[in-house]
């Protein structure tokens, strides 16, 4: 993979000239021959040294887009050059470090590099050459810790789900934000006012949106049972489609397919603040008695929650967006904090399989706590390998 | 200033004030601004999506090199299947693309969060608390470790919180509360900046009161 | 938590007071001095210590969306550089940065009407490719910028006559709100050619760049957000836009604290009345 | 059939994505970006669904002369204008069906699409965003009340950080001697942000990540399927 060749014309020339006249004979020794031999030996030596001094090698366990270039030359400043497709050299690094990683390369192509080491005393520079080919491998080794932890959590989830299937019962602690859901629906029914459900501002590619739709399914069923109108404005068409499916199914389950009104689940606009402007309008005009903001929210969280507050609605919110939680906590009646949003479907459905998978998350939490404590102890003890193993994946 | 620039300025001022009027109460100006906003922005994203995503990623590629980009027919077909929803009888067809998208999202989210939010946060918490140069740093490091561990424990669902186990859970809530207060306070400045930006527009560009 | 008519009225009063509290300092500046942080001082020192008539680069690596925070920095630092008689070459790694530069020059010329284009300052405009452009500037600046924004040839720009590469530059000041920006300048200009780099960024991005302000001075100080901009204005003893905006911020913050206090007093009375 | 095939599809794509994360070799290394590009294309088609629904509902309201129907008419007109302008003369970088429309540009000073963007969309969006300044004040007024130990913590840290972020917060405690500098408000607020705040944020992130991993797994395995609706 790596190769090196020292070409130093100045040195080569000085060697030649040092041996004087090419045809000089001294005590029967053909000096020219000697010079050639010495020069040859020096060349091999230089070659060996050079391969040691300047190396280019494929970065192992990667996607074949990087080469590691290293050099061991005593110089304050070196220039590293790379040949482009036409063979012209361009400097890619200048400085005093002793290695460089060239990235964004194409796998299986050969790349040529040249290292220039200036020699101010001679007013020239030495040049080293090397080339290599980046290759794709079949596993990212630095992701090992990451694979293992993912496997551990997944296996735990599967194990507990399996346990649940065999009839094991799992406990789940109270989540007040979810207990209050019936109360909120009840109040809306009493007042004869609708319920507003906002499934967040992310598309279906966010798991929070899907978690939100799961809660919507339970909520819609309750709303159907109580004959309370349910309004669901959506920011994305795909969320709209999925929401309609979910709500329709819920009304069907509640035995009231005729009460389902598709026009109550509608699209507003793909725009973040346009969407919020629309919801604000709905809140002040329809005066829903209960608002649910569940899913992924960004800056608009407070606009929604404060407008909702001013209309006197009972408000339940939930998001895993840590930066928005303060605003929900401050201006809503109930807030599902972070993971509680994902626990909701298990909590509401009491489906043993879902409860089992929740137990799996909890196993993950214990694992995390143990790892953190172990990691801290190892760091205090000065044994950094443990942390480095986890850090590998964070690259 | 040209007529259209002046007109545009007044239009911008009108919309700005209409939105602000919502703070007092809902009124026809806000209703108008709201509906215009919804309409404009919906069309804006449609146009944006068409020029920036559909043209370069799909149509242009298919038009310039159809046989080389045959694979793109798959998402195109799935996209059309989404549109079949418009026919009430065939709405179920859209479940195929939705299922593929959700499957993909689930896979991507699983690996992304495991990496960026789980592993990197765990390893960032593995610190030697005594490595800080001063006492407040050492105390801070301890708070960081204890807070993270107790906070994670707060979310432990499958155990009754009684006896000793309430202690870390309680601590966890305290840390959450401190964090919520702090983030709230920290955000005030960014939010006031937004208002300053709008006022600058009104006072500078429109009224020329400030330079 | 439900709202009653009383609380709706209180809300409106809160809104109105906030509106007034932010507007008034914008119209009638107070000019509160801000306590100067070490990072802002470092940036100031670099500009202060760079010799008379050095050519320096101001790179405008942002667009209007972050103008509120970054434009005051640009104005204050430009004011400082002009006052030290440095010759400023403005450029941009972001497409709309060139306009930001023109605006900043316009503002600075109000205080320094004697400064001439081409002699004391130039705007060479936007350059694509971020870090690659910077690397090329390290080899040959004239090649990267064949002309300035107005189409004048590089060689005809008086102040750039002796400037061949980045090494001839006194310092680089990057005002950036993302990528490409300060990070690229540090890597490609400071680390590769030793040209000192300083800069300013938004309050949100600042923590991510602070590690570069280290003992090797990869970054000579850093301004983060409006507060740092007003600190800089304090350093050059000028009441600029940042100070004015910071005044508005301070008043608004103070008002919110008063609201919290009033809210508690109200809650206290309500509780007492309920008990009675 | 209508339900099982989608579940199988979700399973296969989910598993493929997870596997490809760990394999640097083609074709796996390309998988995630390819699927993400597909997502954009599919949502590019799907956006029409929403827009048609918006169009229809506005039209229905106008036809039924529902209360405030003229507002919906305004919305509909804005929608059509923006869309028409965008398709006809394109946007800043892209040319539309009728080219760049240099005549219109000379007349208006900008492309019509960009004109509406700059003078209507931008001010609307920025002003709506700026309402947050007011709401953050009213929320603070109402919610930061001394009640329980938890709510006191919330309030006290908020007050410290608000003070620490401004000029006068620094002035207030600048008299503190060197050995008490920790209690200097800007320092104290930095300390809170850096340590206890980060700790709680981390806890939320870690547990939410576990929730996301678990939910994703449930979706891939088909345990979680409510997003698909019913069997019919």
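Every chain is named by a letter (A, B, C and D) in the order it is written, and numbering of its residues begins at 1.
As a convention for this text, a contact is a pair of C-beta atoms (placed from the backbone, for glycine too) under 8 Å apart; a residue touches a chain by one contact, two chains touch by 3 or more.
Note that this is a predicted model, so its numbers are computed, not measured.
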item: Farthest-lying chain, centroid of Cα atoms versus that of subunit A; value: C
item: By number of C-beta contact pairs, the top two chains; value: B-D
item: Whole-Å gap between the CA centroids of subunit A and subunit C; value: 31
item: Chain centre separation in whole Å, for subunit D relative to subunit B (CA means); value: 3
item: Computed distance of Cα centres, subunit D from subunit C, in Å; value: 27
item: Whole-Å separation of chain centres (CA-atom averages), subunit A against subunit D; value: 18
item: Of all residues in subunit D, the ones touching two or more other chains; value: 18, 21, 39, 42-43, 46-51, 54, 124-125, 128-129, 131-134, 136, 138, 140, 142-144, 154-155, 158-159, 162, 165-166, 201, 204-208, 210, 212-213, 215-217, 219, 227-229, 232
item: Touching two or more other chains - residues of subunit C; value: 11, 15, 18, 22, 227, 249, 252-253, 256
item: Multi-chain contact residues (two or more partners), subunit A; value: 143, 150, 153, 204-205, 207, 210, 237-238, 241-242, 245, 268-271, 273-274, 277, 309, 325, 327, 329-331, 337-339, 343, 358, 361, 365, 368
item: Footprint of subunit D on subunit C - complex, ascending; value: 7, 10-11, 14-15, 18-19, 22, 32-35, 227, 230, 246-247, 249-250, 252-257, 259-260, 262-264, 267
item: Residues of subunit A touching subunit D in the complex; value: 61-64, 107, 136-140, 143, 147, 150, 153-154, 157-158, 161, 203-205, 207-208, 210-211, 213-214, 217, 234, 236-238, 240-242, 244-246, 248-249, 252-253, 263, 266-271, 273-274, 276-277, 299, 302-303, 305-307, 309, 320, 322, 325, 327, 329-331, 337-339, 341-343, 345, 353-354, 357-358, 360-361, 364-365, 368
item: Residues of subunit B that touch subunit A when the two form their complex; value: 19, 22, 25-26, 30-31, 33-34, 37-42, 44-46, 49, 82, 85, 91, 94-95, 98, 101-102, 104-106, 108-111, 114-116, 118-120, 122-123, 125-131, 145, 148-149, 152-153, 155-161, 176, 179-181, 183-184, 187
item: Subunit D - residues contacting subunit A, complex; value: 18, 21-26, 29, 39, 42-43, 46-51, 53-54, 57, 60, 124-125, 128-129, 131-132, 135-136, 138-140, 142-144, 154, 201, 204-208, 210-219, 223-224, 226-230, 232
item: Parts of subunit C lying in touch with subunit B, wherever the complex brings them together; value: 12, 15, 18, 22-23, 26-27, 68-69, 203-204, 225-227, 244-245, 248-249, 252-253, 256
